[in-house]
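A, B, C and D are the chain letters, set down in written order, and residue numbers restart from 1 in every chain.
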Amino acid sequence: MGDLSHLRDDFPILSTEMNGHPLVYLDSAATTQKPVQVLDAMDGYYRTTNANVHRGAYALAVEATDAYEGARAKVARFVNAATPAEIVFTRGTTTAINAIAYGWGLDHLGPGDRVLLTMLEHHANVVPWQIVARHTGAELVYLPLTDGYLVDTSALDGLLDERVKVVGFSGMSNVLGTIGPVAELAAAARSVGAISVVDAAQMVPHMPVDVQALGVDFVAFGAHKMLGPTGIGALWGPMDRLERLEPAEGGGEMILDVGLQESTWADIPHRFEAGTPPIAEAVGFGAAVDYLEAVGMAAVRAHEEQITAYALERLATVPDLTVYGPSDVSARGGAVSFTLADIHPHDLATILDQQGIAVRAGHHCTRPLHRLLDVPATARASFYVYSVPGEVDLLVAALEEARRIFGVA
Amino acid sequence: MGDLSHLRDDFPILSTEMNGHPLVYLDSAATTQKPVQVLDAMDGYYRTTNANVHRGAYALAVEATDAYEGARAKVARFVNAATPAEIVFTRGTTTAINAIAYGWGLDHLGPGDRVLLTMLEHHANVVPWQIVARHTGAELVYLPLTDGYLVDTSALDGLLDERVKVVGFSGMSNVLGTIGPVAELAAAARSVGAISVVDAAQMVPHMPVDVQALGVDFVAFGAHKMLGPTGIGALWGPMDRLERLEPAEGGGEMILDVGLQESTWADIPHRFEAGTPPIAEAVGFGAAVDYLEAVGMAAVRAHEEQITAYALERLATVPDLTVYGPSDVSARGGAVSFTLADIHPHDLATILDQQGIAVRAGHHCTRPLHRLLDVPATARASFYVYSVPGEVDLLVAALEEARRIFGVA
Amino acid sequence: MSLDELYREVILDHYRNPRHRGRLEHATAHAEGQNPLCGDEVRIDLVVDGGRVVEIGVTGQGCSISQASASMMAEAVAGKSVAEIEGLSSRFRAMMDLEEGDAGIDESRPGESLGDLEALQGVRRFPVRIKCAALPWTTLKEALEGDAG
Amino acid sequence: MSLDELYREVILDHYRNPRHRGRLEHATAHAEGQNPLCGDEVRIDLVVDGGRVVEIGVTGQGCSISQASASMMAEAVAGKSVAEIEGLSSRFRAMMDLEEGDAGIDESRPGESLGDLEALQGVRRFPVRIKCAALPWTTLKEALEGDAG
């Protein structure tokens, strides 16, 4: 399987240094680096095509609109949406989930209704439901995890009933790496007439995804974790679901007509895109999916299984190190969270940082999961297309150094 | 007074062509062009500094956070906020107004309560209130305009009472150019205990603004209309007002702690910035305000008064042309909307487009205003720092050509 | 400059003096169309009798292209059978490059001209405006499909 | 590598064997502090009597710097008068470069050392971690300000 190390040349930041050492960037689950192809697409857009989209009656505005709508078509093709209109551009994964929580929840949730989530959700798939629950009187319930760090679907028995109106779950955990039981939870949602919402922030970047094949109602993901820019993400839903979603944000471009008391909405997807959209960001997002398609998502996934397997193998050689997450790489992605003896993850991160290695330390926006794991924080190394085994070796050597500094016997 | 024409060299797009003619970009009220200084700041950020902000324990993440928070400090200084924390980064003006409508309105509006707007509002300051009114039972009332295209504050007598909980108004109209009676409406809001919300999408880019001096509760504006990138804007409010605002969006980075049913919020401004923020866009926004500060906002305003005066003078020479908006340039900004005889604005825009001139045609996201003006659409020319009188001359010549083509006697 | 090619005299004439203008109180079918990008509006009222459009009324507002197109269309279809109108519509769409593939042109009636409608050919060179020209036709189609008779 | 300078033995000792650890049931004052960026938590319980901290209890969790700093601080302030503690705090802040201007160093008592606390000097070279070292002190200040006695 494919050595992707030649891709590194496309990423200018990977040849910089951090604290006097070549940068070893192991924080791609937080945000990925960007290839020149993406940067040049955005820069070029601003230098030659920039105008506001839609309603423009001059050539430049038409070109800008084509660039924006062309990016939508690219993202649609990338996840195999039935039509480009099924892709709503949002500010990111978080905004996409909020758009569902508000746009569907405010009208359809009420006292006694339940939102069923899992214990490994990112705050982005918890807090929006809490906010909407506060306004509607609904409550949240959670699926536990198995000892093997998988979502425990056997608990559906006790939790799934007609009160459940939403089933929300992560397609891939940003902490454990766990791939979500998408088909099973989608079926569970359907069986009680609930909508299913997939937080695919980590899933769409890291494995081939065919949204139509998932059998779910909504999928949220973002550009910046898949080589694209900050400031843009996407919400996918099949047409008949998007038709049942109210626009959360109001403003220009999303209306058909505005009266003094009421307005009517533009077609899908525009009714969900109030105001001037992130236009240059859409262009960058389109360039990012072009780049990933050229690599091939099967190759991306294979590379990630490989490097994750290597990382798990090498980390297992470090004494006193605990990895949180499935050990079977076919059940997981490339976010590897761990603790080392009694060294606090922030201390670990500082020690690695001094050696040019960027890992994240903390609760990674998953407080409920960390309470369940009974650790206040973990350190996390995470990989992407440009990650190479040599970086894993440097990580392991630096962890040994941490043991020495902390005098771990 | 300053000739700013040397600034044109900073804008690569201004030396491109449209339909075989040098581009004459007269659509800056829709979005402005970007100087290389802004483009280079963003590109450089991605090439050397890109990482997710906050919680990062490694040097790159610290630098990225400093870049992001540094941009906040720049924007704060630009509008004279009391502290950087008073600047909340949003996706744009539209999102900022929605954040107020939801974050304040859902909890504080109820049946019989009123939101007082003006007849010249952009849809961004109408539709969010309609949506929140639908959820709360509030209703919208509108201040009319005078014959001179100003907001008719004499109508406050009949409209202002204790039922009014929000007074929302544009700081500068994107159609008429009209500068809003900010002090008067802020005082009116205070007199009945209502909050005041300024849509400053056109105001902050075009004149010196000291938010503390306005006497209002919230100010919304965006980067892309002031030389900055798409995908970012700002909401300003004094600390004690922001403390009374609930976060509209939930997600990562905006929490202090997340429980299973409830969460607590991070400090201001972070509680209003759920998820990964538009980081590179903030860097670009910061570079844009640096650029404008170097020019000087007094100079920007003076230049705009000059070119607007020139445009009004020259347009007055075109027979059958009607300008909608105040004729006194001290009462207005540089958005000049007009109709020409019975030529539909879209036809006008097409004719100008063929001569390389970019103007907008339509209702400019102000349907209620256009119904009031009793025209379904207008054409609009709008200026910014890089606009020069020669462009006005080309516009006027092209309008004469339109008269010939349409055989207007 | 191809602008004179776009704004031919006959187009401006239909724009300024629209034919079959007005609502029909006794319409058997009607439809409203809007071009959300530019705001053009067209409403078509029809009296269909025995498979034939015996009366047509056009209202709406918008640019010269959309309104002239509506006026020309009304003139072209008034009195025609629904089948004839379908043929006209196909030929119009073909002229405007709106058909996908080679559908539409009815080779068996090469002689039948589009009359004034041919003046709209110039619009093809202005892709953003093609939707304006097409709006009346898509609205007419909707009205015919909604016709109970 | 200055890491050994940061993680001195005395720091690791206080991290692993924190002094004055625990809640005080009979506290006359307490405060909780959190570092929202990294999640470090410190809770300080105090028994203040006659302007003197007669007892101090520390709980919390976080990195070695924050927890060791809390332990060292507890050791340094236990039994001291509030005025003495203010002096200590100023000198600590000065050492960490936290004071704006030249406030804080009490020149009249040059001999008074910061003891173990001086081991935290290495943190200065790690600006992100300075907040960790400072957290116990800001929390102590809050507790003292909230003390009724």
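Convention: a contact is a pair of C-beta atoms (placed from the backbone, for glycine too) under 8 Å apart; a residue touches a chain by one contact, two chains touch by 3 or more.
Here the structure is a predicted model, which means the values were calculated and not measured.
Visitor: What is the chain whose Cα centre is as far as it gets from that of chain D?
Guide: Max centre-to-centre separation from chain D belongs to C.
Visitor: When the C-alpha atoms of chain B and chain D are each averaged to a single point, how far apart are the two points in Å?
Guide: Each chain's C-alpha centroid was found; their separation is 48 Å.
Visitor: Please work out the Cα centroid separation of chain A and chain D, and write it as a whole number of Å.
Guide: Each chain's C-alpha centroid was found; their separation is 39 Å.
Visitor: With chain centres defined as C-alpha means, what is the inter-centre distance between chain C and chain D in Å?
Guide: Centre separation, chain C to chain D: 81 Å.
Visitor: Name the residues of chain B that each touch 2 or more other chains.
Guide: Residues 55, 57, 346, 350, 361-362 of chain B touch two or more partner chains.
Visitor: Could you list the positions in chain C whose residues touch two or more of the other chains?
Guide: Only 38, 128 qualify.
Visitor: Looking at which chains touch which, would you call it a line, ring, star, complete or other?
Guide: Contact map by chain: other.
Visitor: Pull out all the chain pairs that touch, please.
Guide: Final set of chain pairs in contact is A-B, A-C, A-D, B-C, B-D.
Visitor: Using the touch definition from the top, list the residues of chain C that touch chain B in their complex.
Guide: For this pair, the touching residues of chain C are 1-4, 6-7, 9, 12, 16, 38-40, 61-65, 67, 126, 128-129, 132.
Visitor: For the complex, give me every residue of chain C touching chain A.
Guide: Contact set of chain C toward chain A: 34, 36-38, 127-128.
Visitor: Please give the residue numbers of chain B that touch chain C in the complex, ascending.
Guide: 342-347, 350-351, 354, 361-363, 376-377, 405-407
Visitor: Mind pulling up the chain A residues that touch chain B in the complex?
Guide: 12-13, 16, 18-19, 23, 25, 27, 30-31, 33-34, 39, 42-43, 46-52, 55-61, 91-95, 97-98, 101-102, 106, 122-124, 126-131, 133-135, 139-140, 142, 222, 224, 229-232, 247-255, 257-263, 274-281, 346, 349-350, 352-353, 357-362, 365, 367-368
Visitor: List the residues on chain A that touch chain C in their complex, please.
Guide: Touch residues, chain A against chain C: 54-55, 57, 62, 256, 266-267, 270.
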